[in-house]
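Below, chain A partners chain B and then partners chain C, in two separate complexes.
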Partner chain A sequence: MPVPPEAATAPPGTGVIHDIGYRPYTGPRLGRAHAARALFVQSLRASYGLGRSARSKVLPMLLLGAMCAPALIVVALAVMTRQDELPVDYPGYLANTSILTGIFLAAQAPVMLSRDLRFMTVPLYFSRPLTRTDYVRAKTAAMTAALLVLTALPVVILYAGALLAGMPVGHNTAHALYGLGTALLYSVLYASVGLVVAAATPRRGFGVAAVIGVLIVSTTVAGITWALLDGPGGSGGADWASLLSPSTLVDALSGWVFRLPHQDGPGSVSSGAVGAAALLEFAAVAAACHLLLLRRYRKF
Partner chain B sequence: MSSVIATDSLTKRFPRVTALDRLTVDVQPGVVGLVGSNGAGKSTLIKILLGLAPATSGTARVLGLDVAADGPAIRERVGYMPEHDCLPPDVSATEFVVHMARMSGLPAAAARERTADTLRHVGLYEERYRPVGGYSTGMKQRVKLAQALVHDPQLVLLDEPTNGLDPVGRDEMLGLIRRIHTDFGISVLVTSHLLGELERTCDHLVVIDGGRLLRSSSTASFTEATQVLAVEVAADDGWADHAGRADRAGRTADPEAAVREHLAAAGLTVRAEGAPGEPGGRITLVEIEGDGTYDTVRDAVAGLGLGLVRMEQRRHRVVEVFHDGDTDGGGGHAAAVPSARTAAPTEGESADAGAA
Partner chain C sequence: MNPTVARLTVHGLLGRRRGLLLLVVPALLLLLAVLVRATKGQDHDIAVQLLGGLALGTLVPLLGLISGTGAISSEIDDGSIVYLLAKPEPRWRITVTKLAVAVGCTAVFAALPTLLAGLVLYGTADGLAVAYALGALAAGTAYSALFLLLGTLTRHAVVAGLMYCLVWESLVGNFVHGARTLSVQQWGLALARAAADPGAVTADVPLSAAVPLLVLVTLAATAAAAVRLAGLTLAGEE
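Let's turn to the complex of A and B:
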């Protein structure tokens, strides 16, 4: 390579960029698994706006704050009034804030998938060692992890507060673990449902509206069905209404698995049959969503 | 040297249409042009070569690897630049190419280093930190090219890289493609529906139509029979009087006719593109017999005291290759005539008039 003229004329001591020509890459190529992991990390960060514009950080961070603020208040009150029990149980806290989890999902599931679809970046991924399955798995894992951060953080805050306030360690540890289990159930189911809906459209706005729509409509239907079935005697047959929406399904499942005290309302579970059905439905929905996503990307 | 791409009776049928029909080609290292009109099967072939779509029958090997069995291994060694837009507008070129490098399996630090190198090689400097949404088409094409090169592949597949570019951008892109092979040592398969722009860039040309192989041969054998130089001259108002030509026969007062007469006398094969008064009447077509032809034309025009408005190699369209095949042996310029006579301007005319 000839020395560029600006290099020859530049006075000594000043920096000059030399064109050193093309250098082949001889370093390691880490392959599929590494690429999938990089995609997972990048997608997870992007769902909280990290590595993206300041504007895209606003909503996820606000929602994370809104998830945690009540937990901080509850903890502060409990410590100040020297209570020996938290006013809200850990899984119950997640059930009460499930609308926030839903909004986060609606806002970020389209970010996970629609961008790549809309700007037709998907073929670039698949022209690399990464396979369609790797892509779907990495994106599902990233969405699940993002939701897990959102739902597990308040549980951790509540648990830390309970210990600070000197509440019984054994009882709180057990129930905090129930809370984390519930958080995981929420994350897996919401991520599966949200991504399938988001993958259906390359338009982000439609994706947001569709995810919100699915969650709100199904929850409303579950609530109305429960109210209709719940006779004056409270026969327990109304609990089957829990299976009608993602949030009540998770509530019912966690209530059954962790043997939580019976609550009134959709999402409660009184019989083993309902609990087992909820478990089956949970597994079936998660698996079906995964297959649908794979199918969605098969034609690229 | 071993083949970069080798296909054997490769066939791809969709329910309604046969995209590739028993295609057998053998591509050596270098810059190879894949020419075909829209829908000729170029993109389908690229998808099969990447191992992304199964062939209906036949086999294909890329870099010695079988596309049906070794898809991931091929995709690790091959870069792909799609025809369509594929860039998210809200990220910078650097961020995007780093991400794509990591998706190719490069470690984070190496991905950043390779990205900086590659963007510099494709000619993106300070603007690489700005969001891609504000880029011109030419800059976007460079980013697309960079993401195909960032993992230092052994072969890049470029699908219509000059699409949507102005003549200057087109020439820069073609020069860059040439450098990918000469400077970077990477073999190139580049598709286009314009034969003319590829014949200057490629070592070897493969022409397909309707999924069938029309022709596969070195660029030289394509162009030797069809190279034509278009010359347009201009005269000042007083040129005829000043040069004392008006007193000779009236017809020679026409500057084009004077040039043709002069060049014919110099032993070149010359003809007008159209009749006088028609759009092509001012263009003189000269068959290129060697590098000296350019000098002869220049000297003749200068000697006549005329201005040389333009002198360009005429670009051909794929359709001419079809005519070439039909009238094989039918004379040197048989291929070029149909396009000159039809009403539609050749690609070279519309593109190069802007550049001149």
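Let's turn to the complex of A and C:
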């Protein structure tokens, strides 16, 4: 057996390091921003099951279909009966389907975070240039974008149907934009709340139940508080109950920002004070959730 | 019933502060009940709304979902169920034990708070509190059995259960009246109507349909879960 040259020249009794031909990576290093972008794209795709097995596509695609199917039916009926206005307003459609948005969030927010927590891949991410803030931002952005796809798609379908049916362009464009604004509000708030709850548990089942529990219990409590404060047809003081749950908070905020007609029920706004409070609470909750998520990941 | 399996299941459901989290919603229910009683006094409409909407409509399905799926699907999820299945213990006995724990959990965390909230809200008048607690107990049992079965069938048991509760029972049930015949919540309400004084509770399903359906669903779901557990194949996380 031939002796390697390093070993032959080394004084006897000392160790040597053999050069066995390992080569370091010499390609381009794309840096933090690229890593964060890649994580965002991968998380967004994974939330719809793209790039994963067919079984994990079933649920998100089913929910996306369930979200869009009523919009298609509404449009088809409006076209066939030659109406000059859609039977449902764009933001109102999102308020009616907010249960589905909630189920999507409950199903996908734990998927977005808990897999990384359970299989301890989070420390691996953080051993790379990606910082904790990048990770949290990328995941929040991905969840928000996934929800935005879910909520904006039916608005776009309704708008396209309204234009095809020859309904007034100006009115529909304005209200479709209100609808998109409401979709954005839903996405930002739901994503923030859902991710904070999901990050708390590495078990997927409990995460799902916890997220939906927060959403539906708070909505029920808001409805009961609304009825308790002054009941149907009251003076408007009951509108403060809108601040108690994410879905009614978004309804109230979008109603106030876009000057939508006043509806009777939790999630309505009759005075500027409630609207301003809703805006303040929205910003505070979103910021607080972001800080909590950052705190959750600081110890990794 | 196997005490060791029961103990492990209880620990899996309530251990590591999870039991405290389960207490949040019942505490909220009681807090609202106290608030309502203090501001509105003994108000039948709002008592029914609180007990029917928050207790029977939200708390019971949520607890049934958490305890029913949590009793089995988290073990299937992380693969530790094989250690349990490898023991010389009939699979049906494991299923029944887990179901008993889940039912006990819904009784303690859903039916008992409903009874307390009913007593705070309305006293013993019309038998309202006892009626709703009875409805919650029956509905909680059926929910637990149903969701335990779901837990053995699919990895997305919690989401599938949610779709049933929120989409079928609430969304579809609001528009299509016939859908309420197949709603566990309505069966519970029918039981509550029968137990309370006439006219105190309204339900859409006759008692003669609700009771057989409740019993049938509970027994069939338990049997199906036992059969399913007997031939369980483990799949990895995707």
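Basically, the second predicted complex is superposed on the first by the 272 of 300 C-alpha atoms of A that agree within 3 Å, B and C clash if a C-alpha of one lies under 4 Å from a C-alpha of the other, contacts with A are read in each partner's own complex, and residues count from 1 in each chain.
Note that in this section contacts are C-beta pairs under 8 Å (C-beta built on N, C-alpha and C of every residue); 3 or more make two chains touch, one makes a residue touch a chain.
Since the structure is predicted, the reported quantities are computational estimates derived from the model, not experimental observations.
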| item | value |
| --- | --- |
| Contacts of A:53 with chain B and chain C, given as first, second, both or neither | both |
| First (chain B), second (chain C), both or neither touched by A:115 | both |
| Touched partner set for A:61, first chain B, second chain C, both or neither | neither |
| First (chain B), second (chain C), both or neither touched by A:203 | second |
| Which of chain B and chain C A:174 touches, first, second, both or neither | neither |
| First, second, both or neither for A:99, with chain B first and chain C second | second |
| First (chain B), second (chain C), both or neither touched by A:76 | neither |
| Chain B and chain C contact sites that coincide on chain A, given as residue numbers | 52-53, 115, 119 |
| Chain A partner contacts - residues on chain B that touch it in the complex | 50, 52, 72-73, 75-76, 78-80, 82, 84-91, 95, 99-100, 102-108, 110, 114, 117, 120-121, 147, 151-152, 183-185 |
| Residue numbers on chain A that touch chain B, as the complex places them | 19, 21-25, 27-32, 34-35, 38-39, 42, 51-53, 115, 119-121, 123-131, 300 |
| Complex contacts: residues of chain A adjacent to chain C | 52-53, 55-56, 59, 66, 99-100, 102-103, 106-107, 115, 119, 203-206, 208-210, 212-213, 216-217, 220-221, 223-225, 227-228 |
| In the complex, chain C residues that touch chain A | 18, 21, 25, 28, 32, 35-36, 39-40, 46, 49-50, 53-54, 57-59, 62, 65-66, 69-70, 73-74, 77, 156-159, 162-163, 166-167, 170-171, 237-238 |
